[in-house]
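Given below, in the form of structure tokens, are the structures.
In the two complexes below, subunit A is the common chain; its partner is subunit B in one and subunit C in the other.
After this line comes the complex of A and B, so read on.
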């Protein structure tokens, strides 16, 4: 596939060459076949620094087609630097349609959030992963962690949770909360808040994880069990918020804290900007939303 | 006690290239028995211990272990998964340097609880109760349970390592110079503790040491090694009181008298 003929073909469609895409697709297929298993792949250098989503971008570039509709979020927001740059990148190199509406997207590339709106069949969620190995900070040797995955020796993961309870009285891990996929592999769900962990369980969408610097791809196919690790007497719990979103009044969503002044003023707003807007368009109002009509552009979302 | 040994070692040899680590070692270890392996530095004690505990592959020979189902299994024919399972449930390994056997960056309680979690215990309260119990048995104060081993003295670390190994109720414990690097009064306490635990739990143990006093206090039987070979073996008191091989005579006569 080449870029449209009326422009000079500067890039192959979706930036990566076809052989590279084929290699990444093979890795993705293997990852889907073994849910939660980290498949090594020959990660390429991308025109962005490591840590900006080079893994996610390569996965997206390998699966995107001309008919796809792409949505990119960064911590839930469509309007932050990382999301805007990656969206612009794919507009430029693949000429695909982009959207900010979760329901309209066929591919959602995300940095550290899962959209509030439940994903549907046929959608693909691509995660940008900094460190794919959940055991890394407990066992620094890669040879040893691979062996532990192979032999299903996951006692060490509970040592971390034990330490949390011993020090804080409860499991204080709030992000990158380890999960067990389909009863076999322990997986790092990338640094998403643990609030999002239940959304991964039996999700109807395909979930792909790409770690560019660490050269690993892993996946959770649709309708797969994803269980958060816990203790019998300290079961897994998600974060709870005392107040609703200050703009849309939404409850049961993940909220960001925004500092308003240096007098201790703060507000809590939806981290998922698209969800917040749709609620405001539907007439929902939080206590700081103002009286005028619903904001028309995402720049007023105010998550920064 | 049954009339079958726990561990059956037959002609175990380990060569490092042309150099001998240990050669043609055979013995039986019986349930509840403590065997000391003594000899000078470089005599192959630790090589032998590592071969027996499957941390090192011997060049030739076989080691059969009687599992809880009373069947003998050749350790080197087991899958790695089975061996690792054995090492963290039915066996213990006490390193000379506690830092090698402990996780220095997690608390004492988690160190003791790790083996329980590794075999599938998922109840925090029970794990913590077991950890508290074991810290008490190795004479570590209960209020140190959330401290990291980094904050412990050498003797405490060694005792913590022992608790960590014994929490799953192993039947066989390997010890590599368990009292090395400790001062004599701490050594005496640790030996006292070890002797009590071994007796109370009916453990079998293989203790590698260069210190004949440790062998005398802990072990029932000993083998004396020199240059990778066994030069003498027998009941500890017999070997120490009536050494027969010239090397053993030399070794016994070189103990410092105070």
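After this line comes the complex of A and C, so read on.
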């Protein structure tokens, strides 16, 4: 209704119609008021298939305004298909500024990673979630999982983690590792590596989760306790990497394995491309970084 | 025809962007209880509905959300007509049916337990209270703790419903059921989600 009228067909700002935005906004407010609880919402069809982040896109479309600066990452990278197309989508339908720099963004939409750089107050992290229900693979019936959440009956989840220990000697869950929010709701952090779980705890940013196909929205407000489930004798631990990033030499970051040849050659590089680039710009070098300095920023880099 | 023009005029100048700006203010207020936020609330509703409360109504209410008006707002017929024209929201017959509650006379508000609390399975099916207050400062100080608050937050709104600290403790005890409150005044808006605890200086729950 506010779209410029110089062309014939125009979408509303940020694609969604206003009534849909109101419905999603109401769900977001309830989600913030009940941290970790999955609020049902009337998910819409989006111009992309389920599994490509329709939940996250609907959440972002409902909160974004003309002054926002958007960053989109897919497995930590700004330059993969999903991230590039969602960023282009919002440039087209909302004319917002985009960036690859975590610090410059007001909204970060993510698929399966949390940026390495700690988020700040006022930033919003929007997760794309495939299966929002942490108990779904243990109990397929929604009526039952809803009752389990209502009664705070999470014994089954501990049994699952215990079976890991019985079989493998340690908790073998490495991603979508269940967390308890503010001591009440058990929540699926989306398929982030468990390496990122500690970043959710007492984060300074607001975290919103959207599951389009499953039609659920949930949230973690800033400064909220997010504890990974564990046992006294098997405390929660994150992955450790033996070597630093091959490009920037960074330690204590999450690394991706890259196959170099068919002779078993491989390298480990930062999964968070922005973090890696910023370290290389600051002069850090890994053993495979080469002599010519850092590769030029990816084509869409920088605030536009 | 003066009555009709009162009902029709005074909505958002720019519905899409004004609603987005108002929503972000409400969202940040709920995410960080006790902090005061301002949205663009360029509404001119009939008194005693305030521009800020009307801005929240235009942002969040539509035909899916029955609203309940407190007696002070209901006494002025133009308020109901204005909300009906601009939002399409039906008026709830009883407080318990309403998704949004608009209150102009906070001191004489009926007990919080009269509003929809949600169910244990669906705690989101609860009411949001939009409370018009004269000021967010100068009243009895509420010391706040809970999600969204780093250590402690302070807010001194007035006037507030009678025995508010005790009523709020009961609301908190019903968690995950319960209502959420958005406080609106000329200074902006602040919120008390159901997770927020009111504590006195020693950190004990206020009774």
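Methods note: the second predicted complex is superposed on the first by the 290 of 304 C-alpha atoms of A that agree within 3 Å, B and C clash if a C-alpha of one lies under 4 Å from a C-alpha of the other, contacts with A are read in each partner's own complex, and residues count from 1 in each chain.
By our rule, a contact is a pair of C-beta atoms (placed from the backbone, for glycine too) under 8 Å apart; a residue touches a chain by one contact, two chains touch by 3 or more.
Just so we're clear, the structure is a prediction, and the values are computed from it rather than from any experiment.
Room for both subunit B and subunit C is found when the two structures are superposed via subunit A, with no clash between them. Residue contacts after overlaying the shared chain place A:221 against subunit C, while subunit B stays out of touching range. Touch criterion not met for A:266: it reaches neither subunit B nor subunit C.
Applying the stated contact rule after C-alpha superposition, one finds that A:19 touches subunit C and leaves subunit B untouched. When both complexes are overlaid on chain A, the residue A:165 reaches subunit B alone and has no touch with subunit C.
Contacts of A:234 after superposition: subunit B is touched, whereas subunit C is not reached. Between subunit B and subunit C, an angle of 80 degrees opens at the CA centre of subunit A in the superposed model, to the nearest 10. Touch counts on subunit A: comparing subunit C and subunit B, the chain ahead is C. After the two structures are overlaid on chain A, the closest C-alpha atoms of subunit B and subunit C sit 10 Å apart. Shared contact residues of subunit A with subunit B and subunit C: 147, 151.
Those residues of subunit C lying in contact with subunit A across their complex are 14-17, 19-21, 23-24, 26-28, 30-32, 59-62, 64-65, 99, 119-124, 126, 128, 147-150, 175-176, 180, 193-195. Residues of subunit A that touch subunit C in their complex: 1-2, 12-13, 18-19, 21-23, 25-35, 37, 39-40, 62-66, 122, 146-147, 149-151, 182, 184-185, 206, 220-225.
Residue ranges on subunit B touching subunit A, taken from their complex, read 80-81, 84, 103, 106-107, 109-110, 113-115, 117-120, 122-125, 127-128, 145-146.
Against subunit B, the residues of subunit A that register as touching in their complex are 147, 151, 153, 155-156, 158-159, 162-163, 165-167, 230-234.
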